[in-house]
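Below you'll find the structures, each written out as structure tokens.
What follows is chain A paired twice: with chain B in the first complex and chain C in the second.
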Partner chain A sequence: MKLTTNPRLNPTIAVLLMLILGLILTFTAKIWLNIIVFVGCLLYLLACRVSFKKMGIALLIAFPFALGSWLSFISFSHSYTRAWLYATRIYTYFSLGALVTLCYSLKTVLLSLHQHFRLSNTFVYGILTAVGMIQNVKAQIKKIRIAANMHNQTLNWWNPMLYLKIIVSCLNWSDNLAVAMTLQGFSNDYPRTETYHDSISIFQWGLLILLALVCGGLAFF
Partner chain B sequence: MDLEIQNLTFTYPTQPLLLENITYRFPSTGLTVIAGQNGSGKSTLLQLLAGILAPSSGKVQLNHQDVSLIVPAARVQHLAYLPQNTRHFFTFKTGREQLSFMLENLQTPSDQIPKIIHQIVAENSLEYLVDQPITTLSGGELQQMALAMIFSLDPEYLLLDEPFANLDHDHQLQLIHMLKSKKNNTAIIVADHQLQYYQDFADSWLNVTVHKLQSFNPSFQNSPTVSRVTAGLPVSISSRLQWQKLTFSQAGRPLVVESTFQLPQRMVGLLAGKNGSGKSTLLNVLTKQYPYSGQITFDQQNEQRISIRKWIQHITLGFQNSEDQFIKTTVREELQSAQQASYHPNFWTNLQISSWVQKFNLQSIIDESPYFISGGQQKKVQLLILAIISSPVILLDEILTGLDHASVALAWDLIEMLTQLGCGILIIDHQFQSFKHYDYVLEIHDSHLQLLPKGESLNEIDH
Partner chain C sequence: MQLPTVNPHKQHWTIHDVILLSLIAIFFGLIYQGWNYVYYLLAATPLKPYANDLTLGVWLMAGPVSALLLKKRNACLIGELLAAILEMFIFSSWGVATIISGIIQGLGSECGFALTGYHHFDNGELFLSTITATLITFGWDLFQNGYLYYPLHMLITLLLLRFISIGLFAGLMVAAIKKLLIKTKVVAA
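== the complex of A and B ==
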């Protein structure tokens, strides 16, 4: 688990900030505001010492989406302003997402939301278990293909049979995982020791409200 | 505390009746062994006792309360259950996270959790395992960790499904010791085929036959466990799979260093070694699933020059986790598909296949999904698939674990038939009573893979 040292925002505040700023930007048509938020997010990521490589990959992934919407607005509405508005908006959304995903581990975010917003434990641990399964799924795909090779069959990645097999084995796993959690005493909505704890200072709440007001003000007035 | 079943009947949807009108009261201390053939319903009975399954009719009660209605956090402190496939027991990346999750569920004060984990780790010598990624641990290592977790719950009733599966000899002895000391103040209920482990200290023996639970007296033939190698390789052998200076490691730790060997055709070999010594990894190396240095050849062709598709047709692998073997939706389709890929289609006629289905007692589940049959039945289907394919080299990872006595004998008939078809077979196995069947023994010990000479005993057993 990554440490939430200063000057980091509390994970819950970061999630709220992402949602609120994202919502405001959806209803405004100011390119410069997109850019300001985008740059702000990048600066924050730098302050959190997120590696350049990770940031680079995030920006690279956003590129085809931004290009796609830019091209479609150019070709269908012939408006450069609109094209740039939507292209920059995609980048801004990505950077807001990165604010949460690159600065905090998934576990921290979920546990923080559980603490402050009563997010159900079944949801928190369900998601964590599912994400933990990704490694297993990768290994499983390898095994399925080898098992098929033994039958003199090849399951290429475009073969629907491969995906059917993966789905069947994941369904089988999901049952087994649910049983395993129960066997270790987990039950929905039953009190358990909370080892994660964070507190949100009045300063952080204030900062959230201030940023929301400033962004809203710039967007609509 | 009082655990009893009353008029219990259980049927899986769309399957024939499994358990019928069983009434039994389990003693509050001592060790009860539940035996029975593969697919007779031993594991199902344990799952009903553990409250994971609910009976079709009748009751399972702990202190006159339905077990399935007790909240899990409270239930596991009275009734702890070890599933048959311990790979399914782990939902987090490491054992430490898993232990912490369990202790949090039990509402252990957060300042005590690290202390308790430390204690469990120290008592069970899990220091090396507890922080390793679960996906890299062997079946035996996972079994050790799951057992430690279950024992740490210190419940009144311990329900264990084949607790000795995958354990090496040392850990088998440790477990016997543990069970002996626990049973004085705990009720231990195990489901197992390998009755000899419990020979000296079981207090009652039950058998699930024809849907009923009956007590019985097991008879043990007085055959001492053979741990000495009874056969040596002849000087000249025919061999197709060979390796030279084979070296591989895991997490920086060398597993096997500079091994050279020619795997004999028409023979059955045992691959032995302690838990985590690298036995399964060797089989993965030989099937292009794990990186290595050195050279592996099949019919003088370098492994690196052959595509995985071609390679795997020569060298098939029986996965430790049987479920990994299945690619079709029913047992029948699995066997048909294997028949189409068979190296000996003239031998594996429909008649031959159905005779083996009968012998292994699989006819009732032939149209079921291979995922929804019992652990022992899965092993039998798995073995039959590989036998039908009968590729030149067959590697089998713990294929005999979880088979009942009669099925083990049949499995050996099948394996010996495969050698007559010309196959070279290498088997990982910790149950040494089948020692006499092996033509040679390979052991991984101190990072060396060695062929044991005739008369030698295993390092795994002697020290």
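== the complex of A and C ==
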């Protein structure tokens, strides 16, 4: 889990901003707008004191995709404008995603969405429970492969048998975890004590609407 | 040893269903992580659109597997979306595109099951879902990845490659997984 790093926006607002701006930019063809949004996101990440190392790694990872897009439009569409449009769009998508993933933990985002959009607790706690099992899933895949090797079989990722064995493991875990949660008092459709609270100020709603309108206006008019 | 089974009759979402789909989403996240390396090799070249379409099917497997396991409305969409959310937070290098693509891919596959009224979740519906997923994701990429600007002959090739990839991984492979699940009585026939 990532630690929350001095976020300024409410997590729900950050998620909405990411999705709305992401959708607007999908249907526009303005390079300078991509760059403005990208720079805006970077400034926000700096304000949130996200480490330079994390941001650097994210930008480096994006490079092959941006380069691939750029090269493919030069090769097949013979247009530098389009090449730069789609190369910069990739960086803008990355930076919009980073607004959420580098600033908030998954738990904070889910709890915030539960509070403001009534995302069901069944989904919030179901997802969080499963996320706690990541290392187990990794270890189980190794075990299944080693066990297969002992029978002189190789289970590659394209072998349906690997999926069957993993699904059976997931079913066992989900049975046990669901029972454990029920024993701890979790009930699907009943309200529970809410320990997480955040508030969205009118200023933040206003900022979201303003940014969406400005970005939409610049994109389409 | 008796293998665990899935109860397909409940129409509402239980904590068990969500944990199961999330665990499967994590598993697919790990598969996607490995698949990303293959994609990376091709993505940094002018062949990126071809790499996109050739490899796409693998990213669409989580949805149909979820639908065939739980046999519920929206299981496909939710399974794919969960895989996208977890991929974005835990494994990803894709930013917001992961979530948006996850929704589009989930919707694309879900349409195949929805068109027949979620009756059987059989291979026919699975085949239909590969067609709807191909068309809907391709329509989306016309805008998101700028396919609109590629020449027509290239678009036709890309569409065919996409259908082959989705048909192979999210169709034939998922059908093979389903066959094993039925054979071991993990899901009912």
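Definition applied: the second predicted complex is superposed on the first by the 182 of 221 C-alpha atoms of A that agree within 3 Å, B and C clash if a C-alpha of one lies under 4 Å from a C-alpha of the other, contacts with A are read in each partner's own complex, and residues count from 1 in each chain.
By our rule, contacts are C-beta pairs under 8 Å (C-beta built on N, C-alpha and C of every residue); 3 or more make two chains touch, one makes a residue touch a chain.
Quantities reported herein were computed from a predicted structural model and do not represent experimental measurements.
Which of chain B and chain C touches more residues of chain A: that partner is C.
Once the two complexes are laid over each other on the shared chain, residue contacts for A:Phe221 go to neither chain B nor chain C.
In the superposition on chain A, contact is made by A:Pro160 with chain C only, not with chain B. When both complexes are overlaid on chain A, the residue A:Asn149 reaches chain B alone and has no touch with chain C. Of the two partner chains, chain C is the only one that A:Ser69 touches; chain B does not reach it.
Within the superposed three-chain model, A:Phe203 lies out of touch with both chain B and chain C [touch as defined at top]. Of the two partner chains, chain B is the only one touched by A:Ala180; chain C is not.
When the two structures are aligned on the shared chain, A:Cys170 is found in touch with chain C, with no touch to chain B. With both structures placed on the common chain, the touch criterion links A:Arg192 to chain B but leaves chain C unconnected. In the superposition on chain A, contact of A:Gln135 is made with chain B only, not with chain C.
Contacts of chain A with chain B, set against its contacts with chain C after fitting on chain A, overlap at residues 125, 129, 161, 168, 172-173, 177, 181-182, 186.
Touching chain A in their complex are the following residues of chain B: 50, 52, 71-73, 75-77, 80-81, 83, 85, 88-93, 98, 100-110, 113, 133, 135, 149, 287, 289, 308-309, 312-313, 316-317, 319, 323-327, 329, 337-338, 340-341, 371, 385-386, 389, 391. Residues 125, 128-129, 132, 135-136, 139-140, 142-144, 146-155, 161, 165, 168-169, 172-173, 176-177, 179-187, 190-195 of chain A are the ones that touch chain B when the two sit in their complex. The touching residues of chain A, counted against chain C in their complex, run 18-19, 21-23, 26-27, 58, 61-65, 67-69, 71-77, 79, 82, 85-86, 90, 93-98, 101, 106, 120, 122-123, 125-127, 129-131, 133-134, 137-138, 141, 157-158, 160-161, 163-164, 166-168, 170-175, 177-178, 181-182, 186, 188-189. The touching residues of chain C, when paired with chain A in their complex, are 3-6, 12-20, 22-27, 30-31, 34-35, 40, 42-49, 51, 65, 69, 82, 85-86, 88-90, 92-100, 143-146, 149-151, 154, 173, 176-177, 179-181, 184, 186.
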